[in-house]
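Structure first, commentary second.
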Amino acid sequence: MSDLNQEMAERYKNNFLKEIEEQAEMGEWVKMCMQCGLCSGSCPTNFHSGWDHPPQEIFMLIRAGKREEVLNSEGMYMCTSCYNCYVRCPRKVPVTHVMHGIAEYAYRIGRAPKAQPTLHLSKTFWSNATKYGRVNEVQLTQSLYFKDGLGAGIKKGLEMKDVALGLVKAGRLNPMEALGMGHKCKDIKGIHAMLAKAEELEARNKAAKGKE
Amino acid sequence: MARKEYAFYPGCSSQKGASASNYLVSVESMCKTLDIRMTEIPDWNCCGASISYAEAGELPRHVMNARNFALAETNLPGQDIVATCAACWLGARESKERLEHSDRLMADTQTALKEAGLAIKVIPEVRHMVEVLIEDLGYDELKKPVKKPLQGMKFAGYVGCQTNRPFGIAGESFENPMYLDKLIETVGGEAVKYDQKVTCCGGALAFSEPDKAQGQIKDIIEAAYDGGAEMIVTPCPLCQANVEVYQGQINKRYGTKFDIPVLYYSQLMTLAYGGSAKEAGLNGNVVQARKLEEFAGK
Amino acid sequence: MTSIVATNQTILVVGGGISGMTAALEAAETGKQVVLVEKNPYLGGRTVQLYRYFPKMCHPTCGLEINLRRLKANPRIQVLTLAEVTGITGGKGAYSVSVKLKPRYVNTNCTACGECGKAVQTEIADAFNYNLGKVKAAYLPSSMAYPQRYVIDPSIIGTPDAERAKAACKYDAVNLDDQEEVISLNAGAIVWATGWQPYDASKIVYYGYDRFPNVISNVEFERLADPHGPTGGRILRPSDGKEAKNIAFIQCAGSRDENHLRHCSRFCCMGSLKQTHYVQEKYGDAGKSTIYYIDIRAIDRFEDFYQKVKANPNVSFVKSKVARITEDKDGNPVCNGVNTEGYVRYANAHDLVVLALGMEPSVKGVEIPAEVMSDSSGFLMADPANAGIFGAGCATNALDVNRAVQSATAAALRAIQVVNKVARAEA
Amino acid sequence: MADTKTAAYICKGCEIDQRVDVAALSKVATKSGKMNLVREHDFLCSADGVAMIKNDIETEGVTHAAICACSRRAKTEAFNFPTIAMSRGNLREGVIWIRPDTEEARETTQEMAEDYVRMACAEVKAMQVPPGNQKTGTVKTLLVVGGGMSGMTSALEASKAGYKVVLVEKNGALGGWASKLHKRVPTREPFKSPEDNGVADMVARIEADSNIKVYLNASIAKTDGAPGRFKVEIAVESGAVAQEDIGAIIQATGFSLYDANKLPEFGFGKTPNVVDQAGLEALAKEAAAAGKPICRPSDGQPVKSVVFVQCAGQRDASGTHLQYCSGFCCNTSIKQAMYFKDSNPDIDTVVLFTDLRTPGNGEDFYRAAQNKGVIFSKGVVSSVIPSGNACAVKFKDLILNEDTEAQADLVVLATGVVPNSGPDLDALAEANRLADGGDETAKSQVVAMMDQSVLNLTYRQGPDVPQFKHGFNDSHFICFPYETRRTAIYAAGPVRRPMDILQAQEDATGAAMKAIQAMENAGLGKAAHPRAGDLSFPTVRLEGCTQCKRCTVECPFGAIDEDEKRFPLFNESRCRRCGTCMGACPVRVISFENYSVNTVGSQIKAVDVPDEFSEKPRILILACENDAYPALDMAGMNRHEYDPYVRVIPIRCLGSVNTIWITDALNGGYDGVMLMGCKHGEEYQCHFVKGSELGRYRLSKVGDTLKGMNLETERVMDMEVAITDIATLPQKINDYAALIKSFPPSPFKGF
């Protein structure tokens, strides 16, 4: 992973903005920011700590070429995909997607912060969803709880016990799913082949950028 | 022959036994009354949801949705795809727009689909259940079957994010959409005024960083109470789950005494149409909606 | 039937605000025949609804007095009020224009003695004060109103109140049978000076203009500060009539925003800087102003003015576009957002929030009853295709008063070029 | 002119007849007013009333009419008799509307009304119908000084209206600043890319225009005369001097860039790789001509990175550099950044700004630049440090709140503009004063300043147009941007105010409008703004003149020169009819047909002053007709009451107040005199610019006169009044009246 990081750093020298424009989904919008701060003010998660850089600051940091600060930032993972910034931006920058794009890029080149819980959820969710084509909610939850090891998992499990029981009682959580007896697509093979091809193409496209 | 037919995309949470199964139950009852036939897209798959952004690249996400488009197109030709889940609708509709605006993306997508023996000719319309109710039937049509108006009950219509932004329901404002309030009034209930109607519930952060998300959930529930609501109504499974199931934890964390039922619009409609508690999936509510159970019992 | 003398050597000026008056006066004082058409019952437009001008802090009515004196002294200008142009046919040097005249119900006999106003009982919203107050349904729009004639509001026609007005007039000036009429007249050239209107604040939903009484617009604030406004010049907030001493000004309310107005409205920065003076004037050190901005656009020597305001310790600047206005328990509007200089989140409660609303043309290009070129904001462009129709003032761009008058003076010459050509041809 | 026949018309309408004894008023008009004809009418402004007056004019031969009805500001369409002299006695707004309708008030109200009738009669008898200026100049050729975008526009627009133009350019070619531009900022939607500078087209149109005569490599050696009859000497390169007869003048001399050498901290002069905006345009033109990319001056290598420093030497509150903003530099830098981006998107272009100022559609241009990848950072540049072929631009990033730096091959300084206006007249006057005193350096200063002169006017008050702020020739009035202190001479374009080409062309068109208007009116002997159309003009009884020069010095418009015998020489078509000369004249030899020492003086004398035992003081108010009088009028319209002992006389300007009026009033037994004029000083409101200031200066001297007469100095009061003081003015009047009443009655009553 990290050699990909070096490769990119080399390829774009000190032009981090260009790197983001070409490598991060929707990155080409970063330059359109006019620094009004509406996105940051509109973000529902801007109220709590741990939100190191709001969206506009991320944009400014990118322009200022602060590669490490951006790639290591927790900011993007605070996004709840509420699309407030997206619909309000006076420059029509799709801020939500830009945040996602930068997050994905940071993760792809191995620079994303370690043990970032939302990033972990993202990974887990995707692998869970693509394993059988549909989400297995129980396994998803489990893998989340046990990400920090067995003990923590049990502890967390106990904390969440009431929640889980409530759902089970309400018939909205099927314990049997834990045993993999959850929802599945029939053509799992097809799905996996399809995704493999998609990832291959994606990698090829991204690699082609900034080369010439 | 039903008066309306759609390709149904329930999504992962709205399956039997899944976290929004009661949504599914009530939607089925509602549609029965309204004579809407919803045919599930055979072997549909997950939309990827917004949260998969970090792991999944652009193309893989669109390809997942493209597969559903292809399946719907081949098996249920000419039918719009209708999702009940806000995230499924948003994810699918986003993919539709991006694929239609980028030949490169579309070409790559087709190449990938071929691996699963599928192809897209024309991407069907992707719509949310609420859109269908409002745009294809209209409030008047929705009112006609009302047998038992929810007289004197006060609801906070909680629209949340993804049925509202960035696409939303035609003609509604992002900041203060009225459709949910109108639906509540259509079935005889009272929609209270409160200022957290479109506040985010924390979305996926409710799982990953509950301590952060639950603050927002608290604000929403508080505002609903302040507005005089007895119950909260929402069109989105994630909103429903987040606002409902964490009330216990929030009470512990903040010393509040929340105990407010959180329902789907489809549950209200089913009841107003004379459906039973079971048909409305009331048994699926973690915070029991006793008042509605009584009402259904009558 | 109103009769107007107009030929192909006549210049028609549409809009009687400061731009239209200027174009009309400059042309007339150069010896041209002019017909001036205004939709309000009085001349002066939006400028007379301002308390003071930046950067001099002088009073718009001072300039209006001079322009009115010029007008009264000049026999070449025919003024039509309560009039709107509904159709334009023909072409450069030979236009035929139809003008719709709304009834005033008061004829030229009126001496403005005020008896009709005393007689009627009905009160209507005071449009001159942006409906912040009420006036009798028989009224003189303002002390500076020209023509100095009363107006009877259509809403009381057919009611006893109208009869009272008629009975009260000793000079047979009240004519309740006054009818709307459409007249047509000739013109060689047309100056289009229909001015601007503030952007519809309710469209910026997250500022809650239509939900929170204490969120008002920049134009309304002018009336609050004006001693002849609805509050007698006291800055009282609408919700509870409390003196508003801690006031927020939100810049780019609609402007520079692709979801609203794509252009920068140019005047709003200076407008808000000016309005901080009102707060200082009324409350001294007890008055506090906060300006939330993206860029302060105080161009050319307006910079001096900006520097003065900046030096005032009672005025603070926050580089941030406010993201949301909420209301606290005491009905104070609370500005929520992030200060982009240092990224500190704020939730500042104020007594009153003033939205620096941007400018849009009051008549969009497409609404002009003629083939004219206008830009995507609806401003009238300078284009040969517009033939003998020339834009002036804020119908052509977002301008401050000074620039609007320049534009109007230029438009007058363009119109004169046309009618001079006609004159040479006819000679 | 036929023999004088005077008439007074007294209106009974608007309750005048219910509030005062109109019959008694008629008696006053006949007896003390000595009117040949006196008529009452129930509704004087009605068609019938007006017909009555017209009939009297035609059949009775009435030449002078005192209309005693409402204010002179009301019913002007009805009372419009241009062929006769007319005065207005203000019985409505001035009397019954400002007095309570009570029995006890009735007597004083009646006295007030009778005085206003006396005053109206007295005034009209002292008036004449102005015949119009006899010595008009009728030249209709426009002189435009400066052949840049502004000047060319003025010339073309004036020609298009059918006027002849003489266009004088100091350089060898037309085009000015714009011709130095590689491209110009776009003028139409979509505002996405720079466009052709447009000079070639303009020059071609000028060369093809038979109405326009162009002088290149030429300057104005001498401007003599007045509007409609200027004699202008044009010095051409050969040394020859051409003479042109000119009707009006437009000064469109443009600007120069602020000298970047004053900004060593930004590396200018230390390396060729730091340029100003003109420098960049030159590089761009050179590159375009050679079909090469823009190259680094130091080594001719293509520029790979460029930084634009906004507000370099501008917006400087410390006063070391320019204090103002030059308005267009943000758009210019954006345009110049596009020179690079459009040719090669990989060139790094950074614009460092504090407030990005792209008003109006400039916002689209800004957006387009962002879209092309131009980077905008809010930051303050502290220094530019050259090293080899590169520069390090050190700045504080205001958003990320940190000191940082950017590397650049080329640095462009947006240094802003300095107007090419002539010498500052006040400085010149001071230098002249010292020079006359024999100061040698002052003498050389004078020579140097005269060298800079643009117009070389032969005016008594100096060779150029007075400057406003920061050396620009702007107008001080918001409502009247073309207000000028030198009649028929207008500034246009950036010499007036910093502006971009589009605005300059609009401005130049407006200036052409005003210049044409000035020529037309000069030909008719009509005054220019603000007394547009006034046909009166100053006449002077030279036999009485003491050559004190006050009129020539004080005239705000430089209308009065001195002839070889040192007598004042009035240039009527320069005159604006403010009456400042009349107010200044100690021997009262200057007057206008419709406004003179006598028209006001006779009103003052006409007022009936009760004896000292009556306890009815008299207070004279001289009110500026533009602000104070309307304010009093509107006080009446709003029924704000004030003291019954004041008598108000409208005046053109405080500057026209001759102190004789004050001394006459005091000698006549008035107890107090109140003067109401516009704001003066830096933010002056006086529409005759200096009038209220000069008036107040004279008043400051009245104190001694009062002491000489053993009167309290408070008996003469100067008040600054704005037109909006509608509600407060009555209170101020009453307060002053109370003060006067606290004094013993004037000892001069009954003499």
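Read from first to last, the chains carry the letters A, B, C and D; within each, the first residue is number 1.
Operating definition for what follows: a contact is a pair of C-beta atoms (placed from the backbone, for glycine too) under 8 Å apart; a residue touches a chain by one contact, two chains touch by 3 or more.
Since the structure is predicted, the reported quantities are computational estimates derived from the model, not experimental observations.
Touching chain C and chain D at once are the following chains: A.
A simple rule picks the central chain: find each chain's mean C-alpha point, then take the one closest to the mean of all protein C-alpha atoms, which gives C.
The greatest centre-to-centre gap from chain B, using C-alpha centroids, is found for D.
Simply put, of B-C and A-D, more C-beta pairs touch at A-D. Mean C-alpha positions place chain B and chain C at a centre distance of 47 Å. Rounded to a whole number, the gap between the C-alpha centres of chain B and chain D is 67 angstrom. Separating the CA-averaged centres of chain A and chain D is a span of 64 Å.
Once the centre of each chain is set as its mean CA position, chain A and chain C turn out to be 51 Å apart. Residues of chain D in contact with two or more other chains: 378, 399.
The residues of chain C that reach two or more other chains are 206, 256, 319, 340, listed in rising order. In chain A, the residues touching two or more other chains are 34-35, 47, 57, 87-88, 91.
Every pair of chains that touch is listed here: A-B, A-C, A-D, B-C, C-D.
Chain contact summary for the complex, chain A toward chain B: residues 25, 44-45, 47-48, 50, 77-78, 80-84, 86-88, 94, 96, 100-101, 103-104, 107-108, 112, 117-123, 125-127, 129-130, 133-135, 137, 141, 144, 159, 162-163, 166-167, 169-174, 177, 183, 185-187, 190-191, 193-199, 201-202, 205.
Those residues of chain A that touch chain C in the shared complex are 34-38, 40-42, 46-47, 53-54, 56-57, 87-88, 90-92.
Chain B meets chain C in the complex at residues 173-176, 195. Chain D contributes residues 13-15, 43, 45-46, 70, 74-77, 80, 157, 160-162, 188-189, 315, 317, 323-327, 355-364, 378, 398-399, 401, 469-470, 472, 474, 476-482, 497-499, 503, 506-507, 509-510, 512-514, 516-517, 520-521, 529-530, 532-533, 626-627, 630, 634, 637-638, 679, 683, 685, 687, 722-724, 726-728 to its touches with chain C in the complex. On the side of chain C, the complex with chain A involves touching residues 206, 252, 256-260, 294, 319-324, 336-340, 343, 345.
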